[in-house]
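Shared between the two complexes below is chain A, which has chain B as its partner in the first and chain C in the second.
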Partner chain A sequence: MPSADHPILEIIDLTITLPIRADRTYAVENVSLKINRGEIMCVVGESGSGKSVMTSAVLNDIASTLTLQSGQILFDGKDVLKLSQKELNKLRGARISMIYQEPMAALNPSIKIGKQVEEVFSLHRPEISASQRRVETIKLLEQMKLPTPERIYASYPHQVSGGQCQRIVIAMALACKPDILIADEPTTALDVTTQAEILRLIQDLKEVYDNGTIFITHDFGIVADIADRVAVMCKGKIIEQGSKEEILMSPKEPYTKLLVDAMPLLKTTRTPVLDRDDAPVLEVNSLHKIYDTGSKEVHALKDANFLLRKGETLGVVGESGSGKSTLAKTLIRLAEPTSGSIMINHQDFLALSGEDLVKARKNIQMIFQDPFGSLNPSQTVGYMVTRGLLLQGVPAAEAHQRAVELLTQVGLGEQSLHRKPINFSGGQRQRIGIARALSMGPDVLVADESVSALDLSVQKQVLKLMNDLQKSYEMAIIFITHDLRVAAQISDYITVMEKGIMVEFGSAEQVFNNPKHDYTKKLLNAAPGRNWNPPRLDPKEAARIVRELEEF
Partner chain B sequence: MIAYAFKRSILAILVALTVSMISFSLLYISSDPAIAMAGETASDADIEAIRQLYGFDRPIVVQYLDWLKKAISGDLGKSYYFRTDVSHLIAERLPTTMTLGLCAIIFAIGLAVPLGVASAIRPNSIIDRVALFLSVMGQALPSFWFALILIVLFSVNLRWLPVSGSDTWLHFVMPTIVLGYYAAPAIMRLTRTGMLEVLSTDYIRTARAKGLRPPVVLFKHALRNAIIPVVSLAAVQFGFMLGGSIVVETIFALHGAGFLAWESITRNDLPTVQGLILAFSLFYIILTLIADLINAWLDPRIRIS
Partner chain C sequence: MTNLPQTTSTLPVSGLKSRVLRHKGMMIGSTIVVFVVLLALLAPLIAPHDPYQQDLLNRLKPPVWDPRGSWEHIFGTDHLGRDYLSRLIYGSRISLLIGIGAALISGVIGTFLGVMAGYFGGRVDMVVTFLITVRLSMPVVLVALAVVAIVGGSLQVVIGVLGLLLWDRFAVVMRSSTLQIRSMDYVTAARAVGCSTTRILMTEVMPNVVNNLIVIATLEIAHAIILEAALSFLGLGVQPPLPSWGLMVSEGKDMMLFEPWLITIPGVALFALVLSVNLLGDGMRDVTAPENRN
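Moving on to the complex of A and B:
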């Protein structure tokens, strides 16, 4: 039993101030938190809630633009915030250590992996002689279940995969058997199956080392899988904390209720009509894409076949490198397919060129992944939404009218016409992206990871918007995502891709309840929080809470 | 690494060959060389004789290969003006230029890299402001003006340094400062930007979280990655110093290769110009190759693809 009376780390009334021109005064406000041995404390919150700032304070390593206002962080009877640089260096990496969100970025690209791990030994474990370090390092890499540890020891970070990088970072963090492990969204950048492995590793290691873990995440599915206790952060404050069961099954604060409600589940929401006989809007036949990198050929897309009718959505699910983005790019001819055919409204899209191609492009439009990178920062929203129409020869007044209509439909309103992307949040930007794509009145919409960069509550709203818009515009949607749970919210049909091949294709219901391919089963099993049935809010109640929080 | 070096070297040789062709064709771009050599009063028969004597009547490819063979063995023809071998002329001038270039690039790097690093560690601090001031000055101040100020101050008033010539190391002090200071701002700004970028990366945060001391984080983990673009820039700057330091060489009467190039252009001394262009281009190619190899050594992602 973790002893609640003797926490190993205690954050008391911590307040950290943001720079003057920020959107709020405090990055972290009056935060108190206790961590016990052998316990995983999940800190949940949306982006900008202050959870990362709080953990950086535990290492006394807050960014220079922030100011520590007040508070204590007690570890081992001492206030971490008052330690000298020398004392801190003894603590960091030895007794409190950290793992980060981007494993590839967390390792120095120009130093061999073995040397980077060894550095921790030479810093904090002087009893291990220089000649012994290599042996210890390889032992540690083995313990992290890394294949061929000797080879990895001598490799550079760019030579190993993302999941392996994260294992190496964890190895470095655990090299000195720390009392506290801080994990800041350690699996967000990883594939689902790799994520499941890393989560299991962190849990297993907790059993071995009996350390306290602070696990930061925005994903309640992960919380359901690994947490002992949970703290919910919002705008710099901890608004609610308690045991996993309390928070997940009976949240008290309206904001927590909303977050739990926004959690997408592995349950289908749509059932397609299987015996439609109207003509398909999109027909793809034996589509191949081979990339020639000079030294070798990469078969990124192999024999893709499917058809979609008006108003239907195909969810394309797969891990990184599975070929799902290649499919999107070849569909809209950002990349020319090597062979195969794409028929849009019975017109051979691949045979078109010049003026005809420009005209036909309005039939198939795309919404991109990154809401920040996909909008030109120097153009107004009005320009972006009307540009396509004007290029298609629509009169200016009509294009303007259409833009106003669309922006109202995506929930932004006429006043957004003259503003630039910088004035909008990530979710709002994605709405602009949707308005831009819909302005052409496309028959097919390709959405490539369009909600992946958004917070869960925003994600839910954008998914709802897409569902609603599809009802009125009846376009067919190709919805590409790495997250089966997200795919479940919008798809009629689902295909699972692996190494360029569509290994599974069927109605959403079929794929979820009766998967045929082993890989699909593996993906379903790896989805976090699949055994959790969160309490759901009545949509009206949810809308009321959103309004209240906005006013607040 | 060896495979990479081999590939780069082959590429460098190909570039050198291309440059040699352009440099060879210069002789023909201006006019028919036979007419130019024969002079204004020559008869058609004279021109024809010269054409045959010098082999200008042969196919252009044969002439190029012949010229290339000679160039490789060090024979770049005779200067119209000096009446001596061009290669001999260049070899005579090169030590001065090399000395000046080397001193200047070392001065520039020695000034710019530490300042760039220091201003990246504390952006907007006093030291950053001073560095910014120095680099704006370096960019804005014409080098001839700066050189004159130095001469007035150190040679005329204080009488510490000689005004011109290239006899002792003291003669090189002011040219080095002028030329080096001119090259320093770009290096400084690039070091600062690179350092700022690297210092905000996740792996630097990891290094701090390991408990490494700040100097170790700075020099072992950060600088090596930040310096990569600086190496390429410094190589180009150095090449520029070897070929384009005409103004500085003129002011301080250092008879280097840059000065020779300027003289030869004004004298229509085509073989010398041709030889110098070839030499300067080869410098650039060699320096780029060296910079590529240094970068590959610094960055394993270049070395191991």
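Moving on to the complex of A and C:
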């Protein structure tokens, strides 16, 4: 019986070099890691920390731009890095297999699912006869708790949902009862409720197959749910590893402390004043949006009603396809609503056109999700931030002055005015996006998944920035997110959307502690790490660590 | 700023420069192109003789590497005794003029149609896609031949006809790049600020498709040069006595057996120019691609 002293996989002193012009020398530096049977090892780290490169080395499949400098990966007494192509092919998919982030992309769209799973059998398990394969495949699909295995066997990947696709990918990975399962962010592309199901499945299967699992993730909530042991990676090094309890409850390394501290709590932070009698800045009445796709009508948004006053935030929470982005688009009139009304400062926003509309646009602005796609790579930051002001007829000198002020406020200096987006990191770009949206002094700000693409530590800073800016500018914010934890950090009110309908609406506290609708309860239950209460650092202590790490 | 990753220290421009210098094909291509452009610009200064000056006593003189040749006519003379080197040098003007002229006209047409189709979609896209299909189903050489046969051949006509026939690739590429950029959030942001459509097209869309535009333009220049040579060879392109390289091949074809240089010299020139323009285009695509990915 293998024990902790006889790990199934052992990575010893692995070092992989990056190409010469990269931002650091090593993709992975002196990494040592042991994986035992029946154990889920979570590798956590922010983007670019080298976690994916490390796992690609386990399959001896590192990208051609990277060079292996030193190290061993012992599996079954042999060094994987020294195996021939033929031996590797026997290993890959059979004894070590992999689940990918994008389930749709991992399946061949033009081959039926059944055939794709069978292919694994024919490659690695010759003892199963051709006639037996179908039976085995269906049995496997059943085991993955897929609802109608027979139907799915005969379907193409595009005919099943994303969550089902990921189950099929897992089925393929487990078809040969591998000793090691590598899961590279397998739930990042999925909705929260689907994610919870997949995580449960991976845990259950571990019991059945007694394999070792390497689970790569950036989400500490997932770690809290499924990990046995945790390794924290930063800039290519494993800086800390230990049991889940050690890492999550009492991290030792300053960097880990900071990461855990950046994990937002599943607790509301704001309490709205319920009996305000000042005029609302935004009033939305029975807003509908129907997309006509020719053959059928899709009700993307049904009967949305709400009002917001100065300085208040409405968190809009929902899974993909719930209509939350449609709400954002109709609010700023990038898509015309089918019916309903939007009043901004008592002005009917939907009735405006031409010059009046251009003028009124300054009242409502948007911050986008993708920090890379939301800034024009060909224009300077100064152009983007001043553009709106110039369009409103503000003199150039004043616009420039205002841009400098804003960029300083969002934490970027005056020198960023003349630079183009390529010179900024994701978090900095999002700050530019915020400066651009705020430049016109809007009364309403729509933030569509604005922090979802950012690493936790950066996310925390951007959320703090938005909170601070809201205090000084007093704009109302519609904050759209799929993440309840993030919504809790900034929302006064929260609405939960499902299939275009606002199924729940209430103060943040009420929605979190006393949800009325079943769907809200389901979402709350599916939030990863809901039973984990991450320890908090004293803000002064956190700032000290940040400074320390920066000097280092 | 606290805890944010360092910004890249190398500016994109310097990265571009070093990529250009390391790209062999692009270096070779641009060297030859620059050389030919200089030849064309400085033709009156460089050419040893008048390219139109006939000298019937000195007909069909072989080039200098032939035992019968002389340094007087380095590349020999043609069937009318005109200095072949001078005709070759002046011919580069015609080739470049037609290449650039045709690419310019077709570039304007194709970019306009492609950007409109990509940005507005719907009906506009349907019409443009239909036009592209119609254009693609016309055999370029045959149509050009027919048109030139009807209106008569001249430099302007050839440029015009080729310009009107070669816009399809511009339109296809511009359409798909614009389609991609239209859905980017920065275009949405510009709309949300209240920018007019013209302004969005000029400041948000165009600067980001111009890379592709340049690449297609170089490839179409090469295409046009080849087509002009073909038309002139068939006698329906540039008319004599203009020194077009295609025409020179055509005029030499009857004497191919005994005076092969009449064909090989302009042939090699054509080959080298087209190859180098293509190399330059390919190189530009390779070199600018990394910027696009960011």
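As a convention for this text, the second predicted complex is superposed on the first by the 550 of 552 C-alpha atoms of A that agree within 3 Å, B and C clash if a C-alpha of one lies under 4 Å from a C-alpha of the other, contacts with A are read in each partner's own complex, and residues count from 1 in each chain.
One rule holds in what follows: a residue touches a chain if its C-beta (ideal position, glycine included) is under 8 Å from a C-beta of that chain, and two chains touch if they have at least 3 such contacts.
Owing to the predicted nature of the structure, the values given are computational and were not obtained by experimental measurement.
Trainee: Given the touch rule stated above, what does A:Val135 touch, chain B (first), chain C (second), both, or neither?
Mentor: A:Val135 contacts neither chain B nor chain C.
Trainee: In the overlaid three-chain picture, which partner chain does A:Leu123 touch, first (chain B) or second (chain C), both, or neither?
Mentor: So A:Leu123 only meets chain B here.
Trainee: Scan A:Asp61 for contacts with chain B and chain C and give back first, second, both or neither.
Mentor: A:Asp61 sits against chain B, while chain C stays out of touch.
Trainee: Using the superposition on chain A described above, determine whether A:Arg92 touches chain B (first), chain C (second), both, or neither.
Mentor: first
Trainee: Does chain B (first) or chain C (second) touch A:Gln159, or do both, or does neither?
Mentor: Touch status of A:Gln159: first partner only.
Trainee: Specify the partner with more touching residues on chain A, choosing between chain B and chain C.
Mentor: More residues of chain A are touched by C.
Trainee: Check whether A:Leu391 is in contact with chain B, with chain C, with both or with neither, and answer first, second, both or neither.
Mentor: So A:Leu391 only meets chain C here.
Trainee: Could you tell me if A:Ser110 is touching chain B, chain C, both of them or neither one (first, second, both, neither)?
Mentor: So A:Ser110 only meets chain B here.
Trainee: Regarding the shared-chain residue A:Ala351, is it in contact with chain B (first), chain C (second), both, or neither?
Mentor: neither
Trainee: Looking at A:Val208 after the superposition, I want to know if it touches chain B, chain C, both of them or none. Which is it: first, second, both, neither?
Mentor: neither
Trainee: I'd like to check the shared interface: which positions of chain A are touched by both chain B and chain C across the two complexes?
Mentor: The answer is that chain A has no such residue.
Trainee: Which of the residues in chain C end up touching chain A in this complex?
Mentor: 1-8, 10-12, 184-186, 188-195, 203-204, 207-208, 291, 294
Trainee: Which bits of chain A are touching chain C when the two form their complex?
Mentor: 21, 23, 48, 332, 334, 357-359, 361-362, 364-366, 368-370, 372-379, 383-384, 387-388, 391, 411-412, 420, 422-425, 427-428, 433, 436, 440, 457-458, 461, 543, 546-547, 549-550
Trainee: Inside the complex, what are the residues of chain A that reach chain B?
Mentor: The contact residues of chain A facing chain B are 59, 61, 85, 88-94, 97-98, 100-102, 105-111, 119-120, 123-124, 156, 158-159, 169, 172.
Trainee: Could you list, by residue number, the parts of chain B that touch chain A in their complex?
Mentor: It comes out as residues 201-203, 205-214, 220-221, 224-225, 298-301, 304.
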